[in-house]
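What follows is a set of notes on a single structure, which appears directly below.
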Amino acid sequence: MIEKRVATAAEALADVKNGSTVLVGGFGQIGHPMALIDGLIEQGAKDLVVVCNNAGVGRSGLPRLMYLGRVRKIVCSYPRTAAVFSELYAAGKLELEIVPQGTLVERIRAAGAGIGGFFTRTGAGTLLAGGKETREIDGLPYVFEKPLKGDVALVEAWEADRWGNLTYRGSGANFNPVMATGAVVTIAQAQRVVELGDIAPERVTTPSIFVNRVVAVPYEYPYPAIEY
Amino acid sequence: MIEKRVATAAEALADVKNGSTVLVGGFGQIGHPMALIDGLIEQGAKDLVVVCNNAGVGRSGLPRLMYLGRVRKIVCSYPRTAAVFSELYAAGKLELEIVPQGTLVERIRAAGAGIGGFFTRTGAGTLLAGGKETREIDGLPYVFEKPLKGDVALVEAWEADRWGNLTYRGSGANFNPVMATGAVVTIAQAQRVVELGDIAPERVTTPSIFVNRVVAVPYEYPYPAIEY
Amino acid sequence: MRAAAERMVGPELENRRAIAASVARDIPEGWHVNLGIGIPTLVSDLVPEGREVLIQSENGILGMGPAPDDENADPWLINAGKQTVTLLKGASLFDHATSFAMIRGGHIDLCVLGALEVAENGDLANWSTSANDTAPAVGGAMDLATGAKRIWVAMDHTTKQGKSKLVSACAYPLTAAGVVKRVYTNLGVIEVTARGFELRDTAPGVTFENVQAHTDARLYRFGVAD
Amino acid sequence: MRAAAERMVGPELENRRAIAASVARDIPEGWHVNLGIGIPTLVSDLVPEGREVLIQSENGILGMGPAPDDENADPWLINAGKQTVTLLKGASLFDHATSFAMIRGGHIDLCVLGALEVAENGDLANWSTSANDTAPAVGGAMDLATGAKRIWVAMDHTTKQGKSKLVSACAYPLTAAGVVKRVYTNLGVIEVTARGFELRDTAPGVTFENVQAHTDARLYRFGVAD
């Protein structure tokens, strides 16, 4: 019997190594796997490269991981959400790779879908094209972007079953379905762990093949909305 | 009020021009927009480039369009399904561009998603890489593939609403969701045209933005399964 | 949670709301529209009654409705500005890959963005104030500015220090080159055409000369030969 | 509708079913497997009872179950061989882009394919018999052969004319270079290793010498130094 459910975040994260590239889902506080990030803080891995659209908010979660000096580099589109990021970055204690939001998700998709790289118009002629291969296609400038693969992906789902099928709620899909495809090991925290077959085949958003471990983390409300 | 529903296939197809590239959904007989193809046969446009995974089966639909001499070129992964194709191709009356199935859908996705081209390992070192740019990435050979954009996409859906949101049934999605994104004008034939709001937001597979016209074509059974 | 713009009071909010209303009036039925943070966000609630316009949010929503009451808000449903939102009948939810396929693939009819500077050749600067930004952040600005069918900018005509934000050439790092088609400010509506800025409309009591005086580039009268 | 293989009768079907059963026995629980047309399709129904193996179909299905009765078949649900299929509890349905992301992205643990020729360096030829094919058709063969984590071939050891399909170098156009890891035939199971073909197992009553006699390349004994 295939059994991807594990009892705790600690068990799910036990084998994360120092130096890992960690893809972290979520846009703002929604679909952001806070329990797994807390577990990663406990777990102790360091020298991490974190790929996430934002750098978290407040002082818990990703900001705490950064504050503890465990993050070598952050790859994201909008890190300015966390004061901790700004402080560490200004102090030269954190590397930053800033990537346009659509290019970020497309680079992760490329890694998950076996695409060796792609050309996009986004960023052409801007500072973010610096050092990158460019090419004129049909008379317009394009930038070459490379796949961005994770060692681990941490995603948050609404429902999950023991095979690892996932659904999302509201705007909770965001980066999660693509990140689930783009890492060697994908770990999902799910609000509701349901029986196999409870998620109808056409309701599955992330097919089970992309998920390695499932941890149940039920809560009744997303993490508090924080203005920034 | 946004109203994408049109009364007939004829009305939906009225402006298809000679020389158009037409993306046609379906894998085998499922999700294959037969009523729209019949409409295209009536409509009269010629010198068409047809992009479809298969070349149809039997003598109706795409085989009939080819038989009538209206197709200049076919782009597909597995045309051998139709005897008409084989005869016309052998007689030099039909151009063929053969594309691996995954590359075919990815090229259409690229057109729909604003990607100027991408590298894939599929086909590297084979006849199908002939004349194409190749590149070694991380020690492995890749082939450069270009976007494939349609002037018109003909897709088949299960449900549709007046905004053009679509759902699919069984294995009926296949090429349809991607083709819907990859053409200037997308026309959907739908088994069931439902009220706005009847398709819950998370059940929508093709968001309405990708669809221009909807024609109701209810039938109780897919086109007969044909063995080949 | 309310947007920053909505926490403003008095003339500042009214000024911004007037700019947004002007944008909203010009959006035809059936357009798919993405709204940036700031003044553009206000456009959503100001689309004339009965006109169907589909508002897209880059975090995976098409067809947003009016802002919810605090009591009825679904906390799992937020827009790109991280405010809770509602859905219209006919709305759809999807992931980031699909969302940016819409944006980069030219399916969005209009994106309304704020800006630091707009140049007379349509160049847009709205993401960074320096090549050595101490905390740079781009979000979806470059994807939207490059990918949408047309870009309108909605902003104050000048900075708080009185410096024109319409310029002959951008000093700040570009978001995208040559993309802005129209600019809505507190002083008027400016088309960006082959010859540069053309003043199409002015706010009540504002003259062509007033606008020119606050614009760091030559201003033309809309549709009037030089 | 039944598959071509299932319409066969007597020894031919039994022979093919034996090859498929041999493949099925070797698939560990939890693997995601794509099955090509022909002998590989038969593998699905021969996975030992109680072992959870997820069969993928490139037209957008993960988790296919046993073939349906004609009466209970859902005509909208077909596999890549265009036969109607059933779904297991836990199955998922998706589009072609997602399906080939699975395939090309290395998420499929195993793909079992038929072949025209397999070379001792792992080259696979299974899509075309000539560079001037009168009606070429590739389908998903190249994507699968290149993208899956491992490729096993299930085929008759020789052509109907008695010519070996295991060769020192492919004469037919390649589907993918150096990808085949193992070959199941009516004569035995052959591993493709750095030194070439290694015979791991033989069918009942078949000797190493029998297999070598029908193989157009040098055969090694599995795990035995030269």
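Points worth noting:
In order of appearance the chains are A, B, C and D, and numbering begins at 1 in each one.
Keep this in mind: a contact is a pair of C-beta atoms (placed from the backbone, for glycine too) under 8 Å apart; a residue touches a chain by one contact, two chains touch by 3 or more.
Keep in mind it's a predicted model, so treat the numbers as computed, not measured.
Two chain pairs, B-C and A-C, are weighed by contacting C-beta pairs, with A-C ahead. For the pair chain B and chain C, the distance between mean C-alpha positions equals 35 Å.
Averaging Cα coordinates per chain places chain B and chain D 28 Å apart.
Averaged Cα coordinates give chain A a centre that lies 33 Å from the centre of chain B. Across the assembly, chain D contributes 93-94, 100, 103-104, 147 as residues in contact with two or more other chains.
In chain A, the positions touching at least two other chains are 106, 109, 113-115, 120-121, 168-169, 202.
By the document's touch criterion, interfaces exist between A-B, A-C, A-D, B-C, B-D.
Of all residues in chain A, only 27-30, 77-80, 85-86, 89-90, 96, 98-103, 105-106, 109, 120-128, 168-178, 205, 221-222, 225, 227-228 touch chain C in the complex they form. Here chain A touches chain D in the complex through residues 1-2, 109, 111-115, 161-163, 165, 181, 196-197, 199, 201-202, 204, 207-210, going by the rule given at the top. Listing the residues of chain C that touch chain A in their complex gives 1, 4, 57-61, 74-80, 82, 84, 93-97, 99-100, 103-104, 128, 131, 134-143, 146-147, 173-177.
Across the complex, chain B is touched by residues 106, 110, 113-121, 135, 137-138, 140, 142, 167-169, 202-203 of chain A. Residue ranges on chain C touching chain B, taken from their complex, read 29-30, 32, 52, 54, 56, 62-63, 87, 89-94, 98, 100-108, 147.
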